[in-house]
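Structure first, then comments.
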Amino acid sequence: MSPAEAAALLDQFKRDEASRDEVLRAFQAAPVIDLGFAVVDSHRALRKGFPEVIFGAGKTPDQLAAIARKIVGSDRRVLATRVHDAHAAALREAFPHAIHHAQARLLTVEDAPLPKRDGTIAVVAAGTTDLPVAEEAAITADFMGNHVQRIYDVGVAGLHRILARVPDLQRASVVIVVAGMEAALPSVVGGLVARPIIGVPTSVGYGSHMGGLTALLGMLNSCASGLTVVNIDNGFGAAYAANAINELAHPLHP
Amino acid sequence: MSPAEAAALLDQFKRDEASRDEVLRAFQAAPVIDLGFAVVDSHRALRKGFPEVIFGAGKTPDQLAAIARKIVGSDRRVLATRVHDAHAAALREAFPHAIHHAQARLLTVEDAPLPKRDGTIAVVAAGTTDLPVAEEAAITADFMGNHVQRIYDVGVAGLHRILARVPDLQRASVVIVVAGMEAALPSVVGGLVARPIIGVPTSVGYGSHMGGLTALLGMLNSCASGLTVVNIDNGFGAAYAANAINELAHPLHP
Amino acid sequence: MSPAEAAALLDQFKRDEASRDEVLRAFQAAPVIDLGFAVVDSHRALRKGFPEVIFGAGKTPDQLAAIARKIVGSDRRVLATRVHDAHAAALREAFPHAIHHAQARLLTVEDAPLPKRDGTIAVVAAGTTDLPVAEEAAITADFMGNHVQRIYDVGVAGLHRILARVPDLQRASVVIVVAGMEAALPSVVGGLVARPIIGVPTSVGYGSHMGGLTALLGMLNSCASGLTVVNIDNGFGAAYAANAINELAHPLHP
Amino acid sequence: MSPAEAAALLDQFKRDEASRDEVLRAFQAAPVIDLGFAVVDSHRALRKGFPEVIFGAGKTPDQLAAIARKIVGSDRRVLATRVHDAHAAALREAFPHAIHHAQARLLTVEDAPLPKRDGTIAVVAAGTTDLPVAEEAAITADFMGNHVQRIYDVGVAGLHRILARVPDLQRASVVIVVAGMEAALPSVVGGLVARPIIGVPTSVGYGSHMGGLTALLGMLNSCASGLTVVNIDNGFGAAYAANAINELAHPLHP
Amino acid sequence: MSPAEAAALLDQFKRDEASRDEVLRAFQAAPVIDLGFAVVDSHRALRKGFPEVIFGAGKTPDQLAAIARKIVGSDRRVLATRVHDAHAAALREAFPHAIHHAQARLLTVEDAPLPKRDGTIAVVAAGTTDLPVAEEAAITADFMGNHVQRIYDVGVAGLHRILARVPDLQRASVVIVVAGMEAALPSVVGGLVARPIIGVPTSVGYGSHMGGLTALLGMLNSCASGLTVVNIDNGFGAAYAANAINELAHPLHP
Amino acid sequence: MSPAEAAALLDQFKRDEASRDEVLRAFQAAPVIDLGFAVVDSHRALRKGFPEVIFGAGKTPDQLAAIARKIVGSDRRVLATRVHDAHAAALREAFPHAIHHAQARLLTVEDAPLPKRDGTIAVVAAGTTDLPVAEEAAITADFMGNHVQRIYDVGVAGLHRILARVPDLQRASVVIVVAGMEAALPSVVGGLVARPIIGVPTSVGYGSHMGGLTALLGMLNSCASGLTVVNIDNGFGAAYAANAINELAHPLHP
Amino acid sequence: MSPAEAAALLDQFKRDEASRDEVLRAFQAAPVIDLGFAVVDSHRALRKGFPEVIFGAGKTPDQLAAIARKIVGSDRRVLATRVHDAHAAALREAFPHAIHHAQARLLTVEDAPLPKRDGTIAVVAAGTTDLPVAEEAAITADFMGNHVQRIYDVGVAGLHRILARVPDLQRASVVIVVAGMEAALPSVVGGLVARPIIGVPTSVGYGSHMGGLTALLGMLNSCASGLTVVNIDNGFGAAYAANAINELAHPLHP
Amino acid sequence: MSPAEAAALLDQFKRDEASRDEVLRAFQAAPVIDLGFAVVDSHRALRKGFPEVIFGAGKTPDQLAAIARKIVGSDRRVLATRVHDAHAAALREAFPHAIHHAQARLLTVEDAPLPKRDGTIAVVAAGTTDLPVAEEAAITADFMGNHVQRIYDVGVAGLHRILARVPDLQRASVVIVVAGMEAALPSVVGGLVARPIIGVPTSVGYGSHMGGLTALLGMLNSCASGLTVVNIDNGFGAAYAANAINELAHPLHP
C-alpha cells in the first residue's frame, strides 16, 4: 500500500465509503505494512546519521559510478570503500572532484567537507604494514565530520613508543587501535585510557597468523575490559562505530 | 624507586649532594621508572572510571572474598563476575549486604547505588536462553550508574516483536544486543537505529553452533555498518564498553 | 500504537480533529508501525502452518510448563523438543495426557491427533545410534499431520539393505535421511529417488567425527544433486521442512 | 549378467538344461546383479525428473562439448554449470543456439523451453555481489520448467526492503534465499513465510567470512524452523531441490 | 521379491503362465532387485572374511546382548568394541565364557580360538598411555586368527628403544603403529621396514593435541612413503585392515 | 667410524694394541654407531622394496635432473612425482626415453618395465575430475610391477555404475578408491569387497569441501571397517602402500 | 647383540675363530646395532642432563609409584607431573619424604636438593588463574638446580606492574612468561629484555579462547623477535628448556 | 616531558621556584613519564643485543631502502628479511656492498662481519624444500656473530642420516631444527642431545599439511622434553632466539 493508496483509503473512510474496521484491517492484513518506505529511505541519512556508503569490492566501475550518482543526487556526498584504480577512473569521470585515497582504498566525493564536531577520534596503528587499514579508518572518520589524530608505529615491542603518546590517547573521545600479528597493542592501550576503544585486527602477518584470525581472537580475548572489536581489516566499520559514539557525545547538529 | 626515595633524591639534589645529571640518570636508568605506582594504582577508579572488577571463575571463595575486601576498602564497592553459590556464601559472610544475582552469575557490594547518569543503555536479547548473558550486561550497566532498559525475547523469526520496540531502541544512548545461534538480531537492529551498537554472541545453540563461534562470526560479518563485538558470553564486557560510551556523552561527575 | 489507539485516531480524523496528513504521519513516524501484532501473533498457527514449538534445552521444568500452558490455551496442542525426565514430569502435572517420547527427547500434548494429509514422509536412518534423531524427526512429522514410514538400519556398508527398500523410498513425498560418521547414505539415496531429500547429520561417531561436523560437511558436499541439509542432530528441523513440503503438495485443509 | 545372458539362462531353464536352483543362484551369486542398467540409465531423465547436468569446473572445453553432445543426443537439452568463456565457445560451436549466461556461469542448450509447471520459485538475494549465485539458481529453476520471481537487493540492514516484498514471498511455492556475510536474511524470511525455504550461503565477504563458512554456519543455526541449506555458492543445487519440491506439488506431466 | 516369490515366478514361466519378458521385467523393475538378501547376509562372514562386529558405544547392555546372541547364533563367535563394565555383565550373563578385555574395552565370545594363519602382525606403541588403543588392535588381530607381536614403549625420544626392535619389525607381515602426541613414531618405523604399515593416531596428549587431530595430521603428512592411516583411537579398524592384508598373503583356508 | 676405521681398530685389537674394552667402548661411545651406512644406503632398493622416488614440487628442473641421474646410476630406474613441463624437458634431456605422464604429473625413466607380480591392484575413481590423482596411483602401481585395473566414473549418485563392476572389484588383491567431495564411494566399496582398501581423498569440490578435508574426514569416519586412508591427493602414496601389500602376497622375486 | 655377545665375538676373532669380515658384518647386519643400550640408558641422566620424568596423567597411582621406584633406584631423585591426590598418596607410601606441590600438580622425591647453578630463571605470570602453570614451571626449574624468581600478577592491562619489575627481568638468565587469554604479556616482555624468553600459553579464558589456542597463536605471532613457545599449559616443558639454556651458560658440574 | 624540560624543572626546584611536590607530581602525572626515550632508543642495539631488523614483506623497495639508511647510519649494519629482487636492487643502489641471499630471501649490509663468539649453532633441515627457511636461520645466526654448522637432508625416513651426525649435534651450543610435513625430526633430535633445541615448522607439504600448521602442532606436541618452537617458516626468529642463548653462554663482548 503506497502513501497515495493509504490517503485514498482514508478519504473513502471519511466519505463513509469504507468502515473503520476496513481501514484497520487493511493496515493489519500484511504482517508489516508498506507506508511509503521510499520516502523514509531518502531520509536515511537523517535516520542513520550518514548517507549510504558503497562497498566497492565485487562491483564493476560502471556499477559503482551509477550507484554513486544516485547517492550524490540525494545526499550530495558519497564514500566508496575497497576501490581500485579502475573504480577511481570511472568515478572521476562522473565527479571530477572525487578524491582517490589509494593507500586506504577509498574514494570520496563532496562539494565541501562536513563541519567537524567536537571531540577527537584517535587512530592508533602498531606497524607500517597496518597503515592501509588505519588510513581507511582515519579518512572515513574525517569524512564523517570528526577531528582525527593519527598515532602510528607504536607497536608494543618498543613499549616507550606508545607510552610517549599517552597524553594524546587520553585526550581522545574514542580510540581505534589497528594491529595485526598477535595484536597485543589494544590490551596495552586498554590499560591506559578510560574512553571507548575499538580494535581492528588486520590480516598482516605470516605463518600461523591465519589471515588475521589470530589478531581477531587476541582482541576478543583481551584482558582489557571494554574493548570492542570489528571484523578483520574493517577500518571503515571501526570509524563508522567511532563516529556514532562521538556523535552521541558531540552531535554535529545539536 | 619509591616516592620516598625520589623525594630523598630530590632533597640531596637541593643540598648539592647529588648533581642534576645524577637525578636525571636515576630516572633514565630503567626504560620506565617506578614512581609510586602504588599511589597511582589506588587512584585507578578515577583513571579508568570504575573500580576493580573480580573475575570469579577459577578463584576459590576465600580468594574472592580477600580480593573483594581489599577493593571495598579503597573503593567502597565491588563487582564480581562468573560467581557460583560458594562464592556468594563467602562474600556474604564478609559483606552481609552483598547481593547475589544468580541468573547473571554476579555479586555486587555497595553501600548505596551510584547516582545514574543521563542516557539509557538498552539491552536486547533474542531468546530466553540468552538471558543469563543479557542480565550480566544489564546488571553491570546498572551497577556502573546507568539507566537500563531490557528488551527481551525479540528474536528475528518473529520480526514484529523487535519492530514493536523500535521507539525504545531509538531512545537509547547505546544498544547492547545479545544473541546466540545464528545471531541475526544485531544486523536487524543495526538497520533500525543510528546509535552505537555492541553485539554479544552467546554460546546458546547446538550442533554446528560451535560453542558460540557461529554467533560470533555472524556478528563480525554483519551487513550492518558500525556494529562492534565482544567475546562470546561476555555480557560484562559489553556493559563496560557501553558505560564508557554513555559516560563520554553524559559524564557522571561532569 | 495499539489497535485501540489507531481506531481513536481514525475517529479523530473523521471528526476533523486530525488531518489526513497527521494520520499518515503517525503511521509513517516509526519505520514500521505496530498495528495489533498481538492479534496477528495469536494467528501464528495459521500464518506459519503450525503452532509454536518449545525448545526445551536450557529451560527449567517450570518455564517449560508455563509456556506450554500458554500455547495449549490458544492452539490446543504443543510440541516440546530436547526435553528430559524433569521436563516430562512437570508437563504431565499440567497435562496428564502429555506423552513423553523418551528416546526422541520429545513431549507432545494434544486432545486428538491432527488428521493426516496425503503423501508420506520417509525417515531413513543409517545405524541404531542414529535412532534418537531419526525418531525426533519421525514423531514430529507424525504430530504435524503426516504419514511417516521408518526405514532404519540401512547403512551403506551393507548396500543390499537400502537397495531392498527402494520401492518404499520412491513412494514417499519427501525423504529425510539421518546419518552420522561419514554420512554416505544421503548420496546413495539421492541417486535412487527423484523426490525432495533432506539430510540430517548426527553427532554419532568418534575420533575425527568432530561432533558431527564431518557428517555435516559430507552431506553439504554430496555428489547427489538437490540434497538439502539441516543442522547436526536437528531431526525436528528436518521434519518441519518436510511437513512444509508435503503441505504444499497435499494441504491439510485445501 | 547382461539381459541377453539372463534371457538365455531362462531359456535353458525352460528346456530343463538348467535347474530352478541354478537360475536363482545365478541371480544371487553377486550381491547385486547387473540387469541391463544401461537401459535404465538412458531413462535417467524420467527416474530423476531431469536430464544429466554437467559440472564444468575442471573440465576442458572439449570434454564439456563431448559430454554435452551425448546428453543432447538422448535428452535434447542440457545444462552446464560453472563454465567460463572457453567452455561457451566450444559449446556454441557444437550447438549454435546454446546460450551463455555469463553472470550465472551457466550454459543452456534446448530447442524450446520446457512448459512451465504451476507455482512459482522465488529467488531472494541480499546484496548485488550475491547475484551470480542467485542467477545460477534462477536460471536453473527456469530451465527446469518453473516460473521464477527474482527478489533482489533486500538485505536486512534496510529491513523495509524485504518487508515490502512479503506478498511476493507468500505467493511463492518455494523460496530460495541467497546471502553472504552473516546471512541473516533467511532467518528473517523464515519468520514471514510458511513455505519451504532453501538457504544458499555465498562466499561474499571479507576478513572472518571464512570463504562463506560464516554464512553457511549462520544458516544452519538459524532460529527459523524448517530452513534447509545447500553448499556455499551452490545456486544450482538449491534450484534442483526447489524444482523437486515444486514438481511434487505441481507435476509437469501429471 | 523374496526367493520364494522368485521361485514361484520361474515356475509360472516354465508353465507358460508368464512370458520371458515378464520375468525379465520383474527383475528389472526396481533399480536393484532383492533376491533373498537375508540369505546372503547370513553368509556375510564368508563374503567379508569375518563375522559381524558390534560397536558398543551408545548401545544399552540389553541391546548389545541381543545383537550378540543373534550373531553367535549364526557365526558362533562375536567381538564387541568400546564396551564398559555393564556391557560385560550383560554379555557374561548370556555367554558365561565371554571374556572382557577391560583395558582394550573389548568383549570376545568364542568356543575356541580360530586357527592362526601364517605371518605376524606387529603392534607397536609409543607410550604407556597408548596401550588401550594398542591392545584393542592386538586382541582384535589375535581374535581374527593372526599371530601378534607386541612392541610397546618405544617412543622416538629414546631412539635406541625402537632401533633395538628392528629385527622384530622386519619379520612382521604388517606393522600397526599406535602413537599420540606428535606421532613421529610411524615415520621412523616407515624408514626401517618395507612391509605395509598402518598408523593409528591416539587422543593421548594435552594442550594443542586437539583430541588426537595433531597425531592424525602428523601421520597423514608423514615423510615415510606408503603409510596408511585410520581414525583416531581406532585400534579395531587397524587390526581389521591388517587382517585383510595378512589374509591376502596367508589365507586361513587357502 | 668408517668401516675402514673399524677394521683398523680390530686389527689393533688383534695385535693387542687395543684392549677388548677399548673396542667395545668405541662402538658404544655414540648412541648409534655409523658402520658403513653408505653401503647400506645403496642397498635401499632391496631394503624398502623400491628405489628412491623424487618429489618434484619445489625442486628446480636442474635439481630434479641431477637427483634422477644419481638414482638411475645405481638403480637404473626412477619415478618423479608432482612434475610440470619444465621438469619433463630437463629430464628428457638427460634421459631421452623418459616418459611424461602429464595428467598424472609423473615422470618415469626405465630401460624396460619391471616384470609384473601376480595379483591386481584396482584403482577406482568417482568422477572425471578425480582422474589426475587416480592416474598418479595407477601409473605408480604399474611402474612398481603390478597389474592395474582402472574402474573410473563410478560415483555413488548412479549406484548401478559401481555395482556393475563388483566382479572386477572382488578379483583385485588391493583396491584403491579415489574420491573427492563427500567421498562416499569408499564406504560403498568397503561393503562389497573383503580385500584391503585404501582411500585417497581428493581436493575436488567447491564451497565447504575445504580443499579436500571434507573427503579426508569422510573416509576416516567411514562405516566400512578396515578402510585405511592416505593424505589428500596422494595417489602415489596409495600405490606405494598397495604395492607393499601385493608384494607381501605375491613377491616379485620370491 | 648384547655387550656380552659382542665381547664373545671379539674373543673368537682374536682366537681366529671368526674373521675380521665376520665381525664387521655382524655389526653391519642390522641397520643399527644394539650395543648395550640398557647400559647407555642408565646413563641417561648424564646424556640428557636430567633424570627421567614421569607424566602422571593417564597412569594409575600404582603404575606411577612403580616407575618412580625404578628411577629413584638409579637416579636417587624423580619428578612427576600432572599428578592428583591419589598419585600423591601412592608415592608418599613409597617415599615418605615425597613432596606434593598441589597447585602445580607436581610430586618431587629427592634426598637433598641439587646444588644451584649460577644465573636465575624468572617466571612471569599475567594473572592469578595462570599460577598452576607458572608454579609447575617454577618448581621444576628449582628442582633441576636453578635459582628461580617469581614475578606474578603483572598483566599488561595494568602496565605499570610489569614495568616496575624490569630490573628483575633484566637480571635473569632466561625468562619464562606464562599467560592465557590474548597472551599479550610475552610481546611486552620481549621488548624489555635481551635474554632468551620462553612463552607458555595457558588454557585460561572463556568464549573464543579456544582452550588456549588463542594464547598459543598470539605468542607464535608475537612482534617481539626471538620469543620461543611451548605447548598450552606446558610449564614443565618451559622449565626443562630454560634449564638447558641456563646449564649451557652456567654448568652445574663445569 | 623531554630531558631538557626535566632539567629545567629540576633547576626551578633548586631555585625554589617549584616545590618538591610539584616535581614529584610532574613525574607522577602520566602513568609513565617520557624521559628521553629517543636517547634510549638509539642505544637499542646494546639493550637488545642486536640492531634493528627490517621485515621486508609489504614494504616498497623505497621504504625498505629509506629505513635501511637510517639504521646503517646509527648501527653501521642492517639485516632485511623476506625480500625480493626489487628490494635487493633498491638496497644495492644505496649500499653497493649489500649482499642478497636469494634462497634465504635476506639482504645484509655490513662493512665487516661481526667477530664470532664461541659456541656453534647447528641448523638441521629435514628435506631440500626446507632449505629456504633453514638458510634464513643459518645466515641470520652467522650475521649476528655465531659459528654455524649446517646439517641438511637428514629426514627421519632414512634414520641413519641423522644418526650419522650425532657427534656434530652434540657439539653444538644450540640446535635449530627445520622441518615441514609431519615434522618428526625435532622429536628424534630431542632424544639425542641435551642442548637447547628450537623447532621451526615449515609450510612445505601438500594436502592436509594445512600450510604448515600440521608441522607446527607436531612440534608443540613433541614427546621430546624441552623443545621450543617458533612460527611457521620463521627461520629468522629461531636464529634470533638461538643467538640470545649462545650470547648468554658466550658473550661477544664479555
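Residue numbering begins at 1 within each chain, and the chains themselves are lettered A, B, C, D, E, F, G and H in the order written.
Convention: contacts are C-beta pairs under 8 Å (C-beta built on N, C-alpha and C of every residue); 3 or more make two chains touch, one makes a residue touch a chain.
None of these values were measured; they are calculated from a predicted model.
Trainee: Starting at chain B, how many touching-chain steps does it take at least to reach chain D?
Mentor: When the steps are counted carefully, the minimum from chain B to chain D is 1.
Trainee: Mind listing the chains that sit against chain D and also against chain G?
Mentor: A, B, E, F
Trainee: Spelling it out: a chain qualifies if it touches chain C and also touches chain H; which chains qualify?
Mentor: Looking at chain H and chain C together, the chains touching each of them are A, B, E, F.
Trainee: So which pair out of E-H, B-H or G-H basically repeats B-D, with more than half the contacts the same?
Mentor: E-H
Trainee: Can you give the whole-Å distance between the Cα centres of chain A and chain C?
Mentor: The computed centroid separation for chain A versus chain C comes out at 39 Å.
Trainee: From the C-alpha centre of chain B to that of chain F, how far is it in Å?
Mentor: 59
Trainee: If you average the Cα atoms of chain C and of chain D to get two centres, how far apart are those centres in Å?
Mentor: Computed from C-alpha means, the inter-chain centre distance equals 24 Å.
Trainee: Can you check how far apart chain D and chain H are, centre to centre, with Cα atoms defining each centre and the answer in Å?
Mentor: Going by mean C-alpha positions, chain D sits 55 Å from chain H.
Trainee: In chain A, which residues are in touch with two or more of the other chains?
Mentor: Within chain A, residues 31-32, 37, 40, 47, 158-160, 163, 192, 207-208, 213, 216, 220-221, 225, 231 contact more than one other chain.
Trainee: Which chain pairs here would you call touching?
Mentor: A-B, A-C, A-D, A-G, A-H, B-C, B-D, B-G, B-H, C-D, C-E, C-F, D-E, D-F, E-F, E-G, E-H, F-G, F-H, G-H
Trainee: In the complex of these two chains, what residues of chain A are touching chain H?
Mentor: It is residues 128-129, 158, 160-161, 163-164, 166-167, 192, 204, 206-208 of chain A that touch chain H.
Trainee: Residue numbers of chain C touching chain B in their complex, please.
Mentor: 30-32, 34, 37, 40-41, 44, 55, 57-59, 63, 82, 201, 203, 212-213, 216, 231-234
Trainee: Which residues of chain F touch chain G in the complex?
Mentor: 3, 6-7, 10-11, 13-14, 20, 23-24, 27-28, 31-33, 35-37, 39-40, 47
Trainee: Hey, which residues of chain C end up touching chain D in the complex?
Mentor: 31-32, 47-49, 53, 119, 159-160, 163, 173-174, 194-198, 216, 220-221, 225-231, 236-238, 240-241, 243-245, 247-249
Trainee: Please give the residue numbers of chain H that touch chain E in the complex, ascending.
Mentor: Answer in residue numbers: 126-127, 155-159, 163, 181-184, 187-188, 190-192, 205, 207-210, 213-215, 217-225.
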